[in-house]
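You will see two complexes here that share subunit A, one where it goes with subunit B and one where it goes with subunit C.
Right after this comes the complex of A and B.
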């Protein structure tokens, strides 16, 4: 089914895009890889104006300024694989990009789009939450572009839903350059290596020393209505020696903190099983760093 | 609404096309430009049969709006052969018998073209990863990987 839009706009600046959003009833397209599938299936969330933001050149690329790394919303997943700043500051993002969909989709899909789609299983969201990332939301207020910053951890409100209002454009995601000794790991499970929507995904991060993690972060995808920070699991993990017994007790906490459903991709009990197995794998790998 | 006029380069030739904003690149190629090489199979980016190259990068043409091509350059399987001889990737698929029903072939050939441009002489692992977004239900992939190897050698 082809969606009928009444109007098409190709914005070349954030000012132009946010003015269009202020007029209401807009569907934003960046990479398009989720949008085309969703609109063809259901017409979900379709406004009468198709707003193409892909040509806002300022919003593509990764920069580092002092201790802060900023990823433009239109940076593609392929860019994340090849970008020198990413490799230097947060290689876990490149490792995640490597597990993302297929080559063709990585070439089109954007980091901002992956966040805005707000899937509980969105891959790039997981390591970005491990990095305590914030998103910048831009809108047109009183004749100028206004921005606000929201912690990614507080951005999602449900499957496909976020605190971003209809007149806002997600323009970038940023995080503090990880401390010396930081290790980040991402894991996902699906029926095949490519093009899988995660049954469960996990991200773990922290500063590793003497077989334990400090400032530990644990994030899960596809086990709740949104990607979640597992703060009780983080507390159990903090500074704990990563031996077999301690890992088992951390897994018990993780199991109590996730709330998966049964759906077409996996049953709830299998997702719980995966949470244990994948968390164990990631922690054992961190312990050996 | 009224359609949008776009200007793009298709297989080296400048084209002016009038498209509805919701039209996919794939449907524009097939229905407006009579370029039926790229195929509609899944329509969800899962199979790669619609793969074309836009500004040097492979994409699923079923997932891209045609309006997005304004001012850009697209290459389809029809644009590979520039002389009487087949393009080396096409010839390798023929030589190795990497085609059965043929429905995935244009996408496989375009993704292989992109892969070889990126990687030159890919390893077995790089070939498998490079073609991970392309599904073939006939060949079992072995002959396709052999064809990619031959094209890379050539």
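Right after this comes the complex of A and C.
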């Protein structure tokens, strides 16, 4: 049964939006590409007031301030594909955007929405976690907008769940400009090359030199209730010279660290298999850098 | 006099479907868009149990929702079944047999009110043991689904030719294998929808997506307690049918019950989830096939046992063995053949007709078995097939008369165009060498009726043609347009006969009160049957016009032709008079006044099956040979189809654009069947009723397509044309499976070849290899 919204609000500033959130019973809509499907299928949607945040112009776009890159929550996936700052600082985000859903969905879907939907298979989350990103959460406190920052790695608590409270709005995501020599890779798989929800997604990052990675990051999607950082795999990878044998031992660690389920999209066996082969693919390409 | 007009032909040219501009501009008003004054909307409350007693249904809270106008249950209905064997009462009483079973329907002023009411209906169940596997349903002591169907047996078919025991003794190799083919669904872009509207005389107008408007009245009427003559069928534009609208399904009489109760028009429509979970599927089946061959490559026998999951009720799916057996017995020269099938009731969804009609399943088996037999006798896939291919004049055991037969030509052409054997041998040699990506090439062939199929008392179609004072023609045909393009084909045929531009033709085919009878859109029959009828009606109009022209000139009718809107002299093309001017002279001729109105009813020269399913059921047959070229990612198991080359005997191309569209669309179904599409059904419940998890092919993975049409005029076809629309759906999947075998040396008897299935098989093969070493 469809959710019936009783009130519709369209905020034009973070102050307006957070005040509306403070009144409670609000469902936030930005691109709507997840929400509209979930509403029709009687899914999520927490309140009967529909709050459109899409008109908050300040929240769209990518900026660099010193060594810090900030992506406004309303930046679309298409923006990520075409933005010069993204291409310059973190091309792995553009590569991921290129694998994201379809053109029509990318035109509407926002980076903030992809994070807030908190799907274990959310595509943009994976490279952002590889980049050690933080999210900014805004709320209306004592007559003013207050913000707090949470590491993306600590943001998710379960499928569709996060530490964001009902009165908070995710306003941006930011990360330090990656060091010289940083390489980032994203991989996902499903039967279709487009319009596909990942059966497994993998992100790997680090500074590559002489066939090894330092400051390694390994992130998996769709193998646990939330996207996960595979810290043991990262440790196994750190500074290891990537030859066939060492890659195999890294894969064994990765296998021990994921905990996938079986569902209509894939069995746990296949997800484990994909973790191995997709990680191997990414590591072999890093080894050749 | 004006300049001579050269003789040209429209046949074989590309013409745009008349409805294409409106569809591409979003102007088409589909049935789903229609709103009638005072119309109510309606939805169905279905069972959420696979098999249960219904203890009570309480609709009191639902009825209290503002805007609700009527609620119906089985108690409000005559309880007369619909469907092929009439075993499916529109609303179920006391017992539900599947998750899709209809229990209550609600009509109200708005969709929101109806949704609210549906959620407030309270149903008490007592679960009964459910059976999902057809073999289990046939076991002794299994729970009986229908009182009048002992042993849970639905429909069975059997055909026996020759002596397979003796033939087996004469075989050097015998293949003995089991195949399991799966559930897929049509995925119509326009979900199920119907509008029922009574007038004050009690006559019913049905706005429906049906693809067989005339027998539809006959099939629908008993469930309503009405006379078929009191039902008028109007067919607004539909968003796809593909066989799914070839029967009456419960939602249609349910809309009528509500319309009758409320005395208002009622529109009942499916959600996307219902379109996946409550519309008919393709028939799944388990085949046990035994097939023999001699060392010299000669086929000796085929023996096939088919077990069909009938599901809870019976629609056309259970009759698909009718078509399966023609392929098992008649595709390639096999002297001794037997086919037996049984369909068993279970608590699963039920299947309907679906483009390819049983031949998709049968060809998956025969085309992969042919590859296996070739390997057994160390022959290549091409020579082996050519050696066993029938030639013109041969007759299949079931008496399909292959008066002309281009199977060999199809195989030779596709092999040559794809450089098949060279690629095949190279890829085979690479199978066990290192490397993540493996390429493969595979061939599959089939045959199908291409001149209708006489499964009803008549396989005919009627046409009326009227010409107005401006030489504009109205063509009224019984043939329905469900996207397949008969509108363009008939326009072309009539324009060709009458020498007028295609723009001068208006086609009318959406109202059973206007159009003459037709058996329906199915069996690749419409171009052949409706095309012949239209051509014959147009020929009568042409004769009438030429006679009138002869009377008004000093040229004999036989020496005249119709070209470019004029009556011309046949030998030199010199115009004698304009057709529109002649038509006006004929019309306003006082006592001799005449209008050009002609009609025709065409019955094809085919025969119904007699005993043992023997009969030349179609006026023509057609063969196709397709080659798939794939790359298998041996890590992820993803099979990428790079190219499909299709060679098909089509008689003659009528609308080039139309035939290419039919090939492309059909192949897309075939690829989905082979690689990605699968209804995942657990304990009777469809688990992936959405586009996210039911994987239809999308544009980026569409392969390169190459078509070669073998054109030899069929003696009975309109301008030599044959029906073509099902082979493109039938042949691709086994071509892909054979290509995957060529790439990685693994056979799959259970499509689709999903990444997981392929990856698992590769890992198991590697493990077995390691264990052996």
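Just so we're on the same page, the second predicted complex is superposed on the first by the 284 of 289 C-alpha atoms of A that agree within 3 Å, B and C clash if a C-alpha of one lies under 4 Å from a C-alpha of the other, contacts with A are read in each partner's own complex, and residues count from 1 in each chain.
In the analysis below, a residue touches a chain if its C-beta (ideal position, glycine included) is under 8 Å from a C-beta of that chain, and two chains touch if they have at least 3 such contacts.
Note that the structure is predicted; figures quoted are calculated from it, not measured.
Trainee: Touch test for A:281: subunit B only (first), subunit C only (second), both, or neither?
Mentor: Once the two structures are laid over each other on A, A:281 reaches subunit C alone.
Trainee: Counting only touches as set out at the top, which of subunit B and subunit C does A:108 meet: first, second, both, neither?
Mentor: In the superposition, A:108 touches subunit B alone.
Trainee: In the superposed arrangement, which partner chain does A:4 touch: subunit B (first), subunit C (second), both, or neither?
Mentor: Once the two structures are laid over each other on A, A:4 reaches both partners.
Trainee: Is A:50 touching anything from subunit B or subunit C once the two structures are fitted on A? First, second, both or neither.
Mentor: A:50 sits against subunit B, while subunit C stays out of touch.
Trainee: For A:29, decide between first (touching subunit B), second (touching subunit C), both and neither.
Mentor: Once the two structures are laid over each other on A, A:29 reaches subunit B alone.
Trainee: Contact-wise, after the overlay, does A:195 reach subunit B, subunit C, both or neither (first, second, both, neither)?
Mentor: A:195 sits against subunit B and subunit C alike.
Trainee: So subunit A touches subunit B in one structure and subunit C in the other; where do those two contact lists coincide?
Mentor: The overlap between the subunit B and subunit C interfaces on subunit A comprises residues 2, 4, 102, 193-195.
Trainee: Can you list the subunit A residues touching subunit B in their complex?
Mentor: 2-8, 10, 29, 32-33, 36-37, 39-40, 50, 52, 54, 78, 101-105, 107-108, 193-195
Trainee: What residues of subunit C sit close enough to touch subunit A in their complex?
Mentor: 112, 115-116, 118-119, 273, 635-636, 638, 675-676, 680, 687-688, 690, 692-693, 695, 697-701, 754-756, 759-760, 763
Trainee: Quick check: in the complex, which residue numbers of subunit A touch subunit C?
Mentor: 1-2, 4, 41, 102, 189-195, 197, 264-267, 269-270, 273-274, 277-278, 280-281
Trainee: Per the contact definition, I'd like the list of subunit B residues that touch subunit A in the complex.
Mentor: 1, 4, 20-24, 27, 43-46, 48, 51, 57-60, 62-65, 67-68, 70, 111, 114-115, 129-130, 132-134
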